[in-house]
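Got some structures for you, see below.
In what comes next, subunit A is part of two complexes: it sits with subunit B in the first one and with subunit C in the second one.
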Partner chain A sequence: MNLLALQRNWRAILVVAEMTLRQTVMDAFILFTVLVQPLLIALLALWMLGGRGPEAAMFVVVGSGMTGLWSSLLFVSGNSINVERWSGTLETLVGVPTSLAVIVFGKNLANVTQSLISMVVSYLLAALLFGYSLQVDQPVQFAISLLLTIVAFISFGLIIAPLFVMNPSVQHWQNAMEFPVYILSGFLFPVALLPGWSTPLSYLLPPYWAARALHGTSTGGSGLNEVLFYWGMMALFSVIYLLISGHLFRRMLVKARVDATLDME
Partner chain B sequence: MNSLVTNLRVFWQGTILSYIALFHWLEPVTYLASKVLMPLAQILFFTLLGTFATGRDTTSFYVIGNAIQIAAVSGIYGVTMSIGGDRWNGTLPYLFGTPANRMALFVGRAFIHVIDGMLGVVIGLLWGTAVLGLDLSQANLPALALTILVTTFSTSGLGLLMGCLSLITLNVMFVNNTVYFALLIFSGANIPLASLPSWMLAVSQALPLTRGIAAARQIIAGAGLADVGSLLAGEFLIGCLYVLVGYRMFRWFEYQAKRKGTLETV
Partner chain C sequence: MHAVEVGNLRRVYQARIGVFRRSIKEVVAVEDISFSVMPGELFGLLGPNGAGKTTTVKMLATLLIPSGGRACIQGYDVVRDADQVRRRIGFIFGGERGLYWRLSGIDNLRYFATLYHVDPDVVKKRIPYLLELVGLKDRGNERVEGYSRGMKQRLHVARTLLHEPEVLFLDEPTIGLDPVGARDFRQVIRNLQNENKTILLTTHYMFEADALCQRIAVINQGKIIALDTPEALKRFVRDLSVIEFEVFGVSFDVVQRLREQPFVDSVAVEDREQKQLLLVQSLRGPEAVPDLMSLLNGVHVGRVVVREPTLEDAYVRLVGGGA
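On to the complex of A and B.
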């Protein structure tokens, strides 16, 4: 997928995103993933880190919100192609002139945007139940970080979805992939707590750079140069993943047509 | 005597077949991911979060709490899916058409998950020892094994109750997931019970795992079986209570489904 394709198909992307939101807004699994689980994690973390004051509370709000983003990306966006297959609509989608990658981009846009509710819910929890008066330290930089986070997560989702389709065995590991990314991305504690050999793994994950940017701008813990670096890394990974995803989608569709397995796993 | 043998056979066949049915669609690699690696990741996450909050001295508190909590993976998800599987696979009408003893049939759905859950807890503790330096040298191992057995049994009791819900609702996984995460808060796995407000403490006392986790912490610190006897008795009674309430619901659902003709409703 390239940026030109995105520009040409922005209307299709928005329509797909709207349709996806309408379909999933009351889905119990998605409600749990983006609402209940981050809320319970936030409750737990606020309790555990409560003694560290409002700065830690903001850290928890952002971090627990990001757990919702990742879980949604893994379980919902990761299955965005398979869901169409299970519904019997994949052949139709592949047959329309709009490329499947563009359609999945729209679906991921909806899922990632919907997942931002996690952060709002965590914020309300911290403010209403724990009585914290929380303020984002660098609101403009935070908003830009959030925007880049959405793009980075969508791009990452575009890699995961075709990989899960082409390698059903990888999908078996889905349950085991949730917490490791929470850990390696430093959503709720710094990766400095982890052994040094794991740091390069963190660097390869867009959620890690998103967490650094969002934590840094919400608590004021990062200077402008650092934040610019995090933005650069998110943009770089987004471009790389978009390029790789284009290749993966082509390969997946060719393989499905050759093997005649478009509608079966 | 014949009746007892028949009931035992129903219990045992139900036990084996429901477990095989559950893992028929789950491959060994899925088992490895869900029952070996996922627990490690979960224990690591909450232990690192806990030590970040309170310091490295408390590592064992979080490792033990979260390792014992792994009992809920089999106890809640496994048992619920075994019971709910009869509905999804269309075998429920046949099941309710048989004269088989319902208690043997019902409890049989949980039996292997108790053993599987114990294995999961042991794996969790071994991960804790290997990766996070949990010290088991002071532990009375038979007492610890008994604690794991009783705790897994009581958690499976809650699973049986949740399994009944899967017979009357389509969104049981939502409820299961919520209960699983709520246990991480209320059971004392990650938050010391003493710091909970009174209403949360009251909820935690009514849940499985709470006393089991407390007992496991004491045993690993060097306490004997006599020291944790009351905790284990309480945990066992809580488990029995959940089994009985679940069984009553199971019978009520059977009655309602037959009366309304909704046995096949999915």
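On to the complex of A and C.
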């Protein structure tokens, strides 16, 4: 890819993200996914903590924020191609010179960024309602972890969106995929509490490494080497998922153009 | 070089049928069509519902992969060189879909301009120009959800011209528009033709095709059954006269009786609110009127007009009589 193509794609990603945010900022379903549901989870978890100290509260703030990230990824990013199909814009998007994968990347960037609101809301809840004085222990490393989390989640979204289009039967499992990932990724409690056989499953999930990095840097529970390892795993998964997604998008588009399923009419 | 070149194009769909014992049935949408369009030409594709017009346009716009044959746009193959084709074409499908209703007209155009790789500095000048061209200059900042159907169609035109494509595919662009909206839209198409764009237009409306197109291909059941200028197609029915009877409550039996007459080529019935218009294509011209009147005995007949055949009459004859 030459510099001009890179520049054009980057511009497309930013404009797609901007237009996606403009459309979804008042969407009731998205507001529930990134705001109301994580807020309820945070409220419940903070109440159950019963004053175990700011470190545990920070764990809950980050964890409940991550539930918003995952739910948004699963339901909003996962449906990002299908939504275009349902609204009749998919044909128009496939007919432009910009790759559909680049367009979906921009949509996912908007969704993932928007879902970070859930972390802010959880923080405010813990600070204002429960009176915790919360501080991020390693702010620079936390910010880098957050950036890598965004990239990892976008990459994961680029896998599930074409999969949901090609295999509607997989999409039927969408609801069932929400809570197991909360648990297996250790969003709200450490994975060490789970039975040993489930650990390899956690290792395969990018949200698990994101949770380790964010929890570790926010509470100060992880050393630099550990954090570097988590970052490496997130970067590795992002690269693998981006490569797989390129292949999936090509297959999906050929299949849709053969089966005539770009449009619902 | 032709702007559009189509050779033995074929498209088959697979339809799933049955609930418990499911099977796959093959439906041929486009059988075997070949035609070419010259640069700057306005070429029409006419045909009844399900004839294969939209399928053909979607294959040319790279949105469907042909089952056989070949199609090229300005020398680029629609399957192998899809990216090159997409840079050179614009397309509109009839109806209101294909736009972001929660965004303003301007935001829709900015969005698609970016996806068509139009330079941001060019976009700033081009969007106001296009909004003016399609008569939406004062409504560009409003959300598309508040637009009428005609306004949405005109915004589609602006969208499709953002990257200054050389070839345009307009698939039934005036469908569902009110008469004034349709007339304005036809003027937009004429303006595009004056800019030397190559246009492939599909339509149900014969007068539209007659007024706009330089050549017309009539397509039926996935095949081209005639291809010529509107004047030459009309000559196809020059041996006929069309006799229009304004009737009230004509029965199927009477229509069938008319069809059986040796001097009658075809009979079509159009509903006009409380009355019907009986269109009889006859080889005998005005002399057939008394015989036809006697066959309409018992039917209340109003106005009777004998006229020269139009493109629509040629079309009716080509696609197989009338209903």
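To be clear about the criterion, the second predicted complex is superposed on the first by the 254 of 265 C-alpha atoms of A that agree within 3 Å, B and C clash if a C-alpha of one lies under 4 Å from a C-alpha of the other, contacts with A are read in each partner's own complex, and residues count from 1 in each chain.
The criterion applied here is as follows: a residue touches a chain if its C-beta (ideal position, glycine included) is under 8 Å from a C-beta of that chain, and two chains touch if they have at least 3 such contacts.
All of these numbers come straight from a predicted model, not from anything done at the bench.
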item: Contacts of A:Thr89 with subunit B and subunit C, given as first, second, both or neither; value: second
item: First, second, both or neither for A:His247, with subunit B first and subunit C second; value: neither
item: Which of subunit B and subunit C A:Trp173 touches, first, second, both or neither; value: first
item: First, second, both or neither for A:Ala260, with subunit B first and subunit C second; value: second
item: Contacts of A:Val16 with subunit B and subunit C, given as first, second, both or neither; value: second
item: Residues of subunit A at both interfaces, subunit B in one complex, subunit C in the other; value: none
item: Footprint of subunit B on subunit A - complex, ascending; value: 28-29, 31-32, 36-37, 40-41, 43-45, 47-49, 51-52, 169, 172-176, 178-180, 182-183, 188-190, 193-194
item: Residues on subunit B engaged by subunit A in the complex (per definition of touch); value: 27, 29-30, 33-34, 37-38, 41-42, 44-46, 48-54, 171, 173-174, 177-178, 181-182, 184-185, 190-191, 195
item: Subunit A - residues contacting subunit C, complex; value: 8, 11-12, 15-16, 19, 22-23, 87-89, 91-98, 103, 254, 257-260, 262, 265
item: Subunit A partner contacts - residues on subunit C that touch it in the complex; value: 13-14, 58, 61-65, 83, 86-87, 89, 91, 93, 95, 97-103, 107, 110-112, 114-117, 120, 159
